[in-house]
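Two complexes, one shared chain (chain A), two partners (chain B, chain C).
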Partner chain A sequence: MTYLLEGKNLNKTFREKAKTTIALSEVNFCLNKGEILGVVGESGSGKTTLLKAIAGMLKLDQGSLFYNGTEYTGQKPRQTGQFLQMIFQDANSSFDPRMVMEKSLIESGRREKNPERIRQLVQLVGLEEELLQRKPAALSGGQCQRMAIARAFYSDAEIFLCDEMTSALDVSTQARILELLRDLKKEGRLSAVFVSHDIALVSMLCDRIMVMKDGKCVEEGEISEVIRNPSDDYTRALLESARRQSIQEPIG
Partner chain B sequence: MQDRILEIKDLQIAYDEELAVKGANLFVERGEVLCIVGESGSGKSTVIRAITGNKQIKIPGGQILFEGKDLIPLKNRERQKLLGTRIGLIQQNPAGAFNPIRKIDKQFRETLKSHRLPFLKEELDKMFTSIGLKNTTDILKSRPYEMSGGMNQRIAIAAAMLMDPELLLCDEITSALDVTTAISVTDELLRVKNEHRTTIILVTHNLGIAANIADRIAIMSKGEVIEFDKADRILHDPQKEYTKNLLRDVPKLSS
Partner chain C sequence: MRKKKRARIKIIIVAALALLLLLCAVFAGVLAPHDPSAPNAAVIRIAPCAEYPLGTDNLGRCVLSRVLYGGRTTIAATFLLVFISFAVGTLIGILCGYYGGIVDKLLMRVADVLLAFPQMVIAIAVAGILNGGMTGAMISMGVTMWVSFARLARSHTFALKNEAYIQAAVFAGKSDLYILLFHIFPNLLAPVLTQALTQIGTTMIGLSGLSFLGLGVIPPTPEWGAMIAEARAYIQIAPWTIMGPAAAVIITIILFNYLGDAVMDYREV
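Our next item is the complex of A and B:
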């Protein structure tokens, strides 16, 4: 079977003077079309390195990457950008501060300019068209993140790589973005790798989950199965923290 | 008997001409944890700024009573005396509180010296242990830039506890941390409360964090305290639609 996206035996070590950090150690993953794969772990576990490697933003020491069964290992972001797009934690700084949103979005597309499609996408992510005439500084964190989602769609990329995309937002804004992503997924518009430190958040959105620690994948599986029956101690600790930080009793 | 260590009455706070807080009323009793919860722009951090006497804000009306005495008319000197000794403050970004390349040891000594207090290793050991920090010696030898955000935040709590304040103000101190680390920081705050009987005011946008440690919760929205009560009541029987939404928005494990 061919996966939409696949990584085999990914390895990456950072060497800095006397210090070496193993950021990825024999990591394997796969993503089906229409699926969201959650990647959880603490800071320093290698989650972001994994995304950067997938996007070709850094060079792997070892391993292979495949898109629809075709190997693309070693391609640069300029090439990978045709089928995948990154969405970052700090959406605001991913836009040119001097440009109004409409121009930023138009310039991000590879094909002919299509302002009509931009307006449709901005509506799709739940924003008002007028906001397109604003610069990033005049948008809230949540609005900027929605613009980033619209921009990713405009590029026609098939896969979204989301790096802690809601971590800088407050819980209410985060919940709205989550709703949007779930709706897009239901409509079959979204295939994504969703990186977050919050396993509760991942459980609300993703189909499968990968738990990372110290550059290794310590557990992988269907999200419901991992929550019911975690096999790794670290996963259990993550679940315990998540339970303590959520409100126990359902509110009527 | 009630012992309100801090009480805020009809407090108005303005940036320039605009009111950011429109008549807030709340209090915290000695030894309790009060969480002020709200979205960005709700005015929750502004309340903390008013208590510490931030110069960018104006206070057109109301009172901030610390042990019955209004802080607002205090002169700078008098306020400085309270801050750091009887009222401690920890902010979201612990890196801002420390010199990144100076050993913790040196920085703690300076703090103590500026308050004319001796540096006693045993006392420090005791305090570190009481809030769940191990390896005092290693921590003192390290420099802030070498440590993780979570560890720095826990050391910032230790730094605030050097003076053993009666009231500890914490402004979004867990927001930049991942879930597991945030839990260890709130655990440390609970130890501060239990071991030192310190009163804590924690500002957060995450009601999940509040559920974990609060005795009392104030919900703020658009510059107003819209709901204020014991934590149990707010969490299990919220009256306002806004509070219900905040509760709903906390991520929950779902399978």
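Our next item is the complex of A and C:
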């Protein structure tokens, strides 16, 4: 079977003087078209390293990456950008502070510029057209994140790599962005790898989940299945802590 | 917002004064009442009067005319030197910061060595080797001047290249040249330009200092440092001969330093 995106036997170790950190160890994953794969784990579990490896932002020690069955291991972001786009955690800083939004969006396109399409995409993500003439500092975090989603669509990339894209937002903005992503998924427009430390958030959005710990994938499967019957102790602990956080008793 | 407005007003006032100074130098030919290089034995060391507002020097030349023409030499040389140092230093800094590697390490060690000595000591040594002259003085100052621009541009580039918007431009397939020209350079221009403004005063002191030591312009070309050097022998009998060029140097340096500070304040508000 050919997947939209596939990683086989991914390994990455960081060596810094006497310290060696295994960031990825024998990681395998796959992503189908129209599907969102959630990657969860605590800080330092290798989530962001995995995302950077997929994007070509860092060199793997071992392993292979495939897009539509064609191997692209070793390609740099300039090449991988043809089929995937990153959506960063801090959306404001993902836009040049000196450029108005329209220019930033135009810049992301690899084809001839199409201002009409930009306007359509901005409406699609629920923003007003006049925001295109503003600089990032004049937009809220949520508005910037929506612009980042519009930019990813404008780039014609098939896969979105979302790196903690909602963690810098307040709860209500986070909910609105999630709603937008869910709508886009329903319309079949979205295939993404969604990295987050928040398993509750991932369970609301993703089709499948991959739980990472110390650079290893400790559990992987359909989201409903993993949440109902977690097979790994670490997944159970993550779910338990998510439940505790959502039903916290008031202090005092 | 009020602070920002106040800072902007400060910049406008200081920039207007600096512009006035530059216009005086540019239009020296129109404003100067006498020929700055023509000696006149009849009016040697005359105190300031209606015909010679700043008096005359040891050779009977009008001090005001020489100060106005001297401004041309001093200001033009200073601006040219600051601009070249800014261009060369910023280019080196951006390339080192963006690409890193062995060339970066090598150039930064050269910069460290140059910074280990006082700028004026190196300038005097180099100007001495080059046998003086304004070009020699400018080269000797330029040997060390690019360093501050290079280090500033390098550190900013180093921080900027890891910004998410640069990564986004890479994902969009933009070339290194495009990223350097349209993202890195515009975003570090403000701090580097501020540095250039604050360098104007220092450079002017340096160039005038070299001329004062006989390593700058060759007489009789009017130049503020050279004029001070010539006049110091008569400081007790004709103090006006030194006051004109000295006041010009002081006012210009204060003005451009203040302009640099005002721009820096504006950016920080």
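One rule holds in what follows: the second predicted complex is superposed on the first by the 246 of 252 C-alpha atoms of A that agree within 3 Å, B and C clash if a C-alpha of one lies under 4 Å from a C-alpha of the other, contacts with A are read in each partner's own complex, and residues count from 1 in each chain.
Methods note: contacts are C-beta pairs under 8 Å (C-beta built on N, C-alpha and C of every residue); 3 or more make two chains touch, one makes a residue touch a chain.
This structure is a prediction, so every number in the text was calculated from the model and none was measured.
Student: Could you say whether A:77 touches chain B, chain C, both of them, or neither, answering first, second, both or neither?
Tutor: second
Student: Figure out whether A:95 sits in contact with chain B (first) or chain C (second), or with both, or with neither.
Tutor: In the superposed model, A:95 contacts chain C only, not chain B.
Student: Is A:236 touching anything from chain B or chain C once the two structures are fitted on A? First, second, both or neither.
Tutor: neither
Student: With both complexes overlaid on chain A, does A:113 touch chain B (first), chain C (second), both or neither?
Tutor: Neither: A:113 stays clear of chain B and chain C.
Student: On chain A, which partner's contacts cover more residues, chain B's or chain C's?
Tutor: B
Student: After superposition on the shared chain, which partner residues are touched by A:59: those of chain B (first), chain C (second), both, or neither?
Tutor: neither
Student: Looking at A:44 after the superposition, I want to know if it touches chain B, chain C, both of them or none. Which is it: first, second, both, neither?
Tutor: Once the two structures are laid over each other on A, A:44 reaches chain B alone.
Student: With both complexes overlaid on chain A, does A:85 touch chain B (first), chain C (second), both or neither?
Tutor: second
Student: Which parts of chain A are touched by chain B and by chain C alike?
Tutor: On chain A, the chain B and chain C contacts do not overlap at all.
Student: So in the complex, which bits of chain C are touching chain A?
Tutor: For chain C paired with chain A, touching residues are 163-165, 167-174, 183, 186-187.
Student: Quick check on the complex: what are the chain B residues that touch chain A?
Tutor: Interface residues on chain B, with respect to chain A: 39-40, 148-149, 178-183, 205-209, 211-212, 235-236, 238, 244-255.
Student: Mind listing the chain A positions that touch chain B in their complex?
Tutor: Against chain B, the touching part of chain A is residues 42-44, 140-141, 170-175, 178, 197-201, 203-204, 223-224, 227-228, 237-239, 241-249, 251.
Student: Which residues of chain A touch chain C once you look at their complex with the stated criterion?
Tutor: Touch residues, chain A against chain C: 55, 57, 76-78, 80-82, 84-86, 88, 90, 93-98, 104, 107-110, 151, 155.
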